[in-house]
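Below: a set of structures, written as structure tokens.
Below are two complexes that have subunit A in common, paired first with subunit B and then with subunit C.
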Partner chain A sequence: MASFFRLAFRQMDVQLRMRVLSLWSLGLYFIQPAIFSAVSMFLSQAAGNAVPDLIYTVLGGGIMGMWSGLVFTSTYDIRADRREGTLELIVGSPTPLRTVVGFRSLLNVLAGATSMLAAVLVAVLIFNYSFSSIYLPGVIFSFLLLLFALWCMGVFLANLLAWSRLSGTFVDLLELPVALLCGFMYPISVLPDWMQSISVIFPIRWGLEAMRDCLKGSVIGAELTMKWLIALGISFVFLLLARWLDGKVHDHIRITGELRSV
Partner chain B sequence: MSDSNAIVTNDLHKTFKSTHGFLKRTTRLTEAVRGISFSVEKGELFGILGPNGAGKTTTVKMLTTLLLPTSGDISIFGMDIRKQTVEVRKKIGFTFGGSRGLYGRLTAIENLRYFAELYALPPEVSRKRIPKLLEIVGLDGRGEDKVETYSSGMQQRLHLARALLNNPQLIFLDEPTVGIDPVGARELRATVKYLQSRGKTILLTTHYMAEADELCDRIAIINKGRIIAMDTPSALKSQISPESVIELKTSHENLPGLQTLLAKLDAQTKITYHENASKQVARIYTLQPAIVIELLSPWLNTDLIHNMEVRNQTLEDVYVNIIQGEEK
Partner chain C sequence: MMKSLVRIVRLYLFQAWYSYRSLFAWSTPFSYMTSKFGYPLFSMMMFVFIGKFVGFTDPSYIVLGNILLMPITNGLYGISMTIGNERQFGALSYLLGSPAPRAPLFLGRALFHILDGFLTVCIALPIAMLFFDIQFKGVNLFLLVGCLILITIASTGLGLIMGTISLRSQDGWMFTNTLGQLLFLLIGVNFPIQQLPAFLQPVSTFLPMSRGIQAARMVVNGAGWSNVAGLLGGEVLVGLAYILIGYTLFRIVERASMSTGSLDSF
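Right, the complex of A and B next:
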């Protein structure tokens, strides 16, 4: 058990210093969400709302930062390891790649949470947002669930990225569509039915909806519990898919020789 | 299979499949390794020589579990690399030539600590072993420096330290001296010798004949994915006739004149031509060097022959002979 925690610490330490603490990440976690928040406030004003709904405009920017951070950091991790020649050293060690990817994704998700923290601070300090009417235990639980959902998706995506040199391009293309489909910055109900049908497969949509309900004061009831359970269930599906994919990836990259970029 | 073997390979094949085109997809198969079989005894230093693209690195990557063979078997210390992959990984160490494979923004010690955790080394072992390894590879005193400040030779030595972290009994060194200066290469060779003296089994691939000749107990020469010769360096050298080699250097413009002159030698004298650092090099393999030298002596102080050297055959001559014979 001690070696497990040492491995976790070392992976997260290196991940933090090599990949997360950079100007690029600063832009990803704080500047990009701020731009999204500002644009969404202007759109809200243009739509005739005298006061923008901070749950969508500011906190939506926070979740955007968390998601973008996860997608790009996960993408960058495997690409960089492939480019720097460290991927084959990791794969060639007795530690499974899934363990390494799991700890790195965890750090990516936790780093992304700073984006939400910044969004909350902006909402409180600049826009005087009041948290008096929220259902705090529900918000905390939903947020933890959201982190878990993001982590499961991160582990899944990282495995997908290890599959081939080309899969990074595919994952890059997921960033905005998933943000739009999961309604980061607007209620999901404004989307056409077919789009809502697609978004049901993303656990972050359910975690986010649950968190918004709790921010608006909803307490535990059948609807909220259902959203939590769906988020948890789909997250586990992603985790199982990642576990299944891990074995396939391990064999596939050793057949194709795609552990290094050329 | 003998217990004394560290590596046994049997009829090893590796074929890579690549697809090209967008609308009309075409598949191309590349046979990198075509039926390689050899064994390496425990404690032996075994070399693999071959030109670029011969299949050296592909073979090493299969042996280190990084690539799966298309067919054939590999046994490392009696373990099947397909079925006992993790167990094999615990017992081996490997490095690949070049400066990739390290985290440049971390120090050497931080890099080694990172990889030590991947091999689940207890912290008390890492704490003792890392400074010792840095000393073995000649990087003591530089452990706290960031790797991005290291020269190619230092990075190569750090790679070797990384490969030794888990105290492996079998070490794979894929072109360990590529791109490093002669002094660095000499130091690295000394480290390799030291490791062998400590009972490690080493498989080395290299382009440098002198390196292979100096270090290896046995050598396999591979070309186009096949082993075309395998023996001790001295046995390989004795395989070819005890001819002397007369090496002549001339300019590109004077090469036709030299060729005309050398055409006067008898038909049993073998001559090869190479380009080396903008000079044209003619190598004459002869059993009667005195006759050849007599023929050439009037031209020694002219533009036709810039330099002449007479020597016995080296492993490089054996290698060139074997590879060129294979090409023909």
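Right, the complex of A and C next:
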């Protein structure tokens, strides 16, 4: 057990120093979401609304920061390992790649949560957002579920990058489409039906919807429980896919002795 | 005199072509195309859906603004990378050590990005007009093309400045990216500049593309030369000022590197 925690501490410590504490990450966690939130607010103002919908404009920006931070840090980790020649060493070490990637993604997700924290602070301190009508236990549970969903997707994307270099091109493109499909800054109902159908495969969508329902005061009921269960179920599917990819990466290195050419 | 001029033009064109081709040393044509059309398209859709949610029934303002911003992918990101990567790939010392005149070396990096950016917006605009039912009727096409060329050229000034900053800062790309995203907010892409708070509106007037985008919108709505001449004149001045600032910055950084030998060392 002690060795497990030592591994966790070391991995997260290195991750924090090397990747998370950089101006680039700060831009992803705070600047980009703030810009999208600001555009959303000005659009709301231009449309004649006296007050913007804080759940979507400000807190939506927080989710955006969490996702952008995760998608780039998790995938850049593997790219950097491949470039620096440490990917083979990690895969060849007794600690499975999925464990290393798991701890790294955990730190990425936790670091991304600061984006949400900043969004909540902005909503409360600048826009006087009130917590009086929210269903707090539901919000907390939904948020934890959202973090879990993000972590599972982070682990999956990192393994996808380790398995195939080409997937990086597609992963680069994922940032905005996922934000678009999961309705980070607007309700899903705004999207056309075909886009709503695609978005069902992302656990973030369900976690986010559940959290917004609780922020609007919904208490536990069949609909909320269903959203939690779907988010949890799809997250596990992503985790299983990550495990399958991890197996393929280990098979590949056993056969060829390298991963750089993948 | 003539021989010297031909040499400079030749150098300018060679630099332009090689610097553009060198982009594909690290980028595949596929990822280049996705970065050119992917991010702008998805960000446009994001703003269209945000607009729909907050109550805009007609997305044409947002669509047109985002299409007109497309040259920024080349003008800001492309040029900034082209210049910044000289240092990253270790070619900067050779470039600065060469006796070639600096103006064609530096400004040559913009030429193909201008053509590429113009082509991008020329492809995207008719498609968007078709999809979102924006009417061509009564549009002065020559004037519209003039506006697009001007917007594309004006956007390069920012790229030249940020490219030079990338030579001095390891976080140059982060600053470039942040600036690129601030343009969504500051130059009337998604909503009129008048919607900005009073303290931000002057910032917008000092940024390239803001007048060009405003003029292009007016032309699409049927305005003629006399209506947009002032805006286009202002855009020319702002664009030139930024290109000049970029070139001056580059020369300052180059001089500083000659005295300290430190341009490649951070």
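Going forward, the second predicted complex is superposed on the first by the 253 of 262 C-alpha atoms of A that agree within 3 Å, B and C clash if a C-alpha of one lies under 4 Å from a C-alpha of the other, contacts with A are read in each partner's own complex, and residues count from 1 in each chain.
The definition used in the following text is that a residue touches a chain if its C-beta (ideal position, glycine included) is under 8 Å from a C-beta of that chain, and two chains touch if they have at least 3 such contacts.
No experiment lies behind these values; they were computed from the predicted model shown.
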item	value
Contacts of A:R6 with subunit B and subunit C, given as first, second, both or neither	first
First, second, both or neither for A:R17, with subunit B first and subunit C second	first
Which of subunit B and subunit C A:V109 touches, first, second, both or neither	neither
Partner chain in contact with A:E88 - subunit B first, subunit C second, else both or neither	first
Winner by number of subunit A residues touched, once subunit B and subunit C are compared	C
Partner chain(s) touched by A:S44 [first = subunit B, second = subunit C, both, neither]	second
Partner chain(s) touched by A:T256 [first = subunit B, second = subunit C, both, neither]	first
Subunit A positions touched by subunit B in one structure and by subunit C in the second	none
In the complex, subunit C residues that touch subunit A	28, 30-31, 34-35, 38-39, 42-43, 45-47, 49-56, 62, 171, 173-174, 177-178, 181-182, 184-185, 190-192, 195-196
Residue numbers on subunit A that touch subunit C, as the complex places them	22-24, 27, 31-32, 35-36, 38-40, 42-49, 52-53, 56, 169, 172-173, 176-177, 179-180, 183, 185-187, 190-191
Complex contacts: residues of subunit B adjacent to subunit A	16-17, 58, 61, 64-68, 86, 89-90, 94, 96, 98, 100-106, 110, 113-115, 117-120, 122-123, 162
Contact set on subunit A toward subunit B in their complex	3, 6-7, 10-11, 14, 17-18, 83-86, 88-95, 100, 251, 254-257, 259-260
